[in-house]
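Order as written gives the chain letters A, B and C; numbering starts at 1 within each chain.
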Amino acid sequence: MFKLVRPNTNQSVTIYFNGAPLTAFENETVAAALLRQGKKEFRTTPVKQQKRLPFCMMGTCYDCLLTIDDLQDVQGCATYVRDGMQIKTQHINEKQGSDHE
Amino acid sequence: MSKQTVVVIGAGAAGMACACTLAQHDICVTLIDEQPQAGGQIYRNLTENQHMPADFKDLLGSDYFKGADLIKDLDHPQITHHARCVIWQIDEDGTVYFSVDGKAQSIKGDYVVVATGALERPTPVKGWTLAGVMGAGAAQVAMKRDGIVPSGDVVLAGCGPLLLLVAQQLAKAGCQIKALLDSTTTKDHVNALPSLLPALSNMSLLKKGMEIKVSLKKLGIPHITGVEKIEMSGDTALEQITYHKDGKSHTLACDTVLLHQGVVPNIQISRQLNLDHQWDESLRCWHPTTDDWGQSSNQNIFVAGDGAGIIGALGSQYSATLSALKISVLMGKLPESDLLKQAAPIRKKLKAEQAVRPFINTLFKPKWLRPDDEDVVVCRCEETTVKDIKRSADIGCSGPNQLKSFTRAGMGPCQGRYCGLSVVEILAHAQKTTPDKLGYYRIRPPLKPLRLSEVASLNTLDQKDA
Amino acid sequence: MTILSDFLVVGGGLMGSAVASSLAMKNKQVIMLDEGDLAFRASRSNFGLIWVQGKGVGMPDYVSWTLQASRRWKKDFNDFLQEETGYDLHLRHKGGLVLLHGDKEVQERKKHLGTIEQEGYDTPTISFLNRKETQALFPDIKLGNRVLGASYCEEDADLNPLYLLKALHQLMIKYGGQYHANQKAININYDEKSKIYTVKTQNDVYQTPKLIITAGNHSVPLARQVGIPLELRAEHGQILALGRTKQVIPYPLSGIKQNAEGSIILGATKNDFGFNDTSVAGLSQKLAERAIASFPDFKSLNLVRTWAGLRVLTPDSYPVYCESESHPNSYVLISHSAVTLAPNHFHQITNWILNNNEKPRELDSFHYNRFQ
């Protein structure tokens, strides 16, 4: 879980995580918005179905992949929140195909 | 026919310095970068953070805000800054393919300067893939970018100046740091002593290092050195870390573990371009072979900054400035007779930055490179384990590329960035050879994944086919 | 250092490892030489199709050779490899399709397949599906508007070619064969008195009474040293790999298939760039465009990797299997369909090398002398 250490005076927007509304700040990365809200899982891995959270925060490790507005494999740390954004944890299981929560 | 242009890739310390120097010599520069704002990872989000409250600015430190001048200088009529770009391929002739707003484009530079910096070295230890484990550098980026820090119990583990700096910053930010598990040993200090003398030419950096150490003590962070081994565990996410020291093991419950073992050059582009590389035995990583001006084995391509070998933010700026001066001569914008004169003061400053590296590299020698435990996941994307790699080594795998086809290690979206070095270390050990002899993954485009629709949108009318 | 072996297989690709593993299983002492990690390896840049339909124009023996191989894959070869090595090759043997975009492609395909049928050997059954019938085979993804239908052949199949290569290597090692990497063969000498071949590599010297050259495009200079004036063409073919997604492509298509892991691969282009296997952005664009025209939903999938390889093509593109007339006991084996034909290489070709009486019926058609 993460917390803010400085004020964020940007306008607040509403994003949806697996259908539930969350408040985020304009210009915030999706990864930061979700980590700040204590989310414990961005995706499960395709081979071993392990839960993953962001690892590098700079767009290189691809551990923070999410399904955003129905587009799969979107990097949470390199995407900025937008009002009404629909974010889903991603579960692509190589054995059973994929489904989204 | 387009006018002569230099394409600079990456708007971090090196890329900005290079672009500014080229622009000052009346050269048209196209600066291509992933982030919305210039600054790279080191000066990430600096423009916005200048307007933050003093205590937060104090946390980030004065070195960070030194990048402001570079960012300001980018505002130059000769510089076109393309932000939010995904660069996906570079051809040997200097054609750079990138995608912005879902549309692919290409631009051919007379010269290309690769200034894509460094990555945190992978730390393949048991549990490093658990949710809750991330890079210490990653935590620092999160703080700079979005002003967030871990809110539960934090353990930092590994070695290196950045690890210590992040520990200090997080403690100042009010994080609960349960321990700083440092793999640095007394022996490392002894080994580093001979390189201390040349390092003294950069007193300010050494002084900063000492200040951080003192500050860690003042902040009351349990700094445990000589940690031999760590492993993280938890049911579905991180719950605890166990460390081994002096034959004993200790377990700490925690919510976040931040790993760090120094940074290594980001060689994705230089590898994709098949530039010559060399293995650095002490740093245990590769860097492209460059001359004193950053010119690579392909004369159209320069590599500047940490991407050509780790030299830090200031060193990166100096090395990139030197590359820009050389290119200015090559493009007829600076008389050759002026080159050495203009370069001399910069080269002197670069030398001071370089002088301290052997000391840092020896003192903070990375230790956790090759896990013994066969269940450790090495390739985070494809979840290839040590065991998978050893099994392929047993059938005589000729190198990391054959291994990639046999195990899928390195085939995932990160393109081997976080497994390449570990794979080579494990394979080299299993086959009683050296990484140098085995070589590295052949990096193929795209440098980063992009949507198929973006690839299809590339205008190929004015493209060559080969 | 001179290293001796009863059989020396020069080339560690799919062809070489099929023969070497088979020899090893028959208790022969065999060494398989390979180049370094970054050689031009057709076997690592392969689509993994076991493909029958449309093959064999002007060469009826190739139609039957290919059909035998496909049937052997289904009958027992896949099970055999899996049992011996423990590797699942992800074989899908239930047919494959060629999608046809627009009227012109439909007409051309019908004409092409017609030429093969006229020659009247044991030919595979190929049916034409209209758009609706084609769509019915892909219930989870919509066909593009330009797709008018497909040609379908039940004998087409696919597998993971990388796992096939790994399995053949594993099998050879399991039965005592030796794999020597970083041993690119440079020079071959034949001593008529002792009937021994001496092969100089980049690092060592090998001697053998039985020499089998399976070195892909590098076979040319080697074959010439045993009296076979081999000519080959290295044809550049590019492949794109998309990220993993749910299974939507249950049948392999010529140019599109979904791996068992969920990733989708797209191919394959044909160009002559010489000995250059770099990925070309313009070709990626063409492949992307064609794939989206086939399945519009592909547009939002990520391109994760591109790669290119060099096909090993003889002047008529059909295989060469022959023993040298001037240099007895040296063989040259060339094929650019080493996935499809792996069972034949493992069984018939190896048996023929071991015992000339077991020469397969088709082999005369594949001698190099057809080009002279």
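The rule is short, and it goes like this: contacts are C-beta pairs under 8 Å (C-beta built on N, C-alpha and C of every residue); 3 or more make two chains touch, one makes a residue touch a chain.
Treat the numbers as computed from the prediction; the structure is a model and nothing was measured.
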Between A-B and A-C, the pair with more C-beta contacts: A-B
Chain whose Cα centroid lies nearest the overall Cα centroid: B
Chain centre separation (subunit B, subunit C; CA means) in Å: 40
Separation of subunit A from subunit C, taking each centre as the mean of its C-alpha atoms, in whole Å: 42
Chain centre separation in whole Å, for subunit B relative to subunit A (CA means): 24
Interface hub residues of subunit C, defined as touching at least two other chains: 243, 261, 300-302
Touching two or more other chains - residues of subunit B: 412-413, 449
Where subunit A touches two or more other chains, by residue: 47, 73
Complex contacts: residues of subunit C adjacent to subunit B: 12, 34-38, 44, 162-163, 165-166, 169-170, 173, 179-182, 240-243, 261, 271, 273, 276, 278-286, 288-289, 291-292, 298-307
Subunit B-facing residues of subunit A, complex: 1-8, 28-29, 31-32, 35-36, 40-41, 45, 47-48, 50-63, 65, 73, 78, 80
Residues of subunit B touching subunit A in the complex: 34, 36, 41, 52-53, 56, 59, 119-120, 129-135, 137-139, 141-143, 145-152, 173-174, 236-237, 255, 266, 380-383, 412-414, 417-418, 448-449
Residues on subunit C engaged by subunit A in the complex (per definition of touch): 243-247, 260-262, 300-302
List of subunit B residues in touch with subunit C within their complex: 88-89, 91-92, 95, 97, 104, 106, 274, 392, 394-402, 405-406, 408, 411-413, 415, 438-439, 442, 444-446, 449-456, 458, 460, 463-466
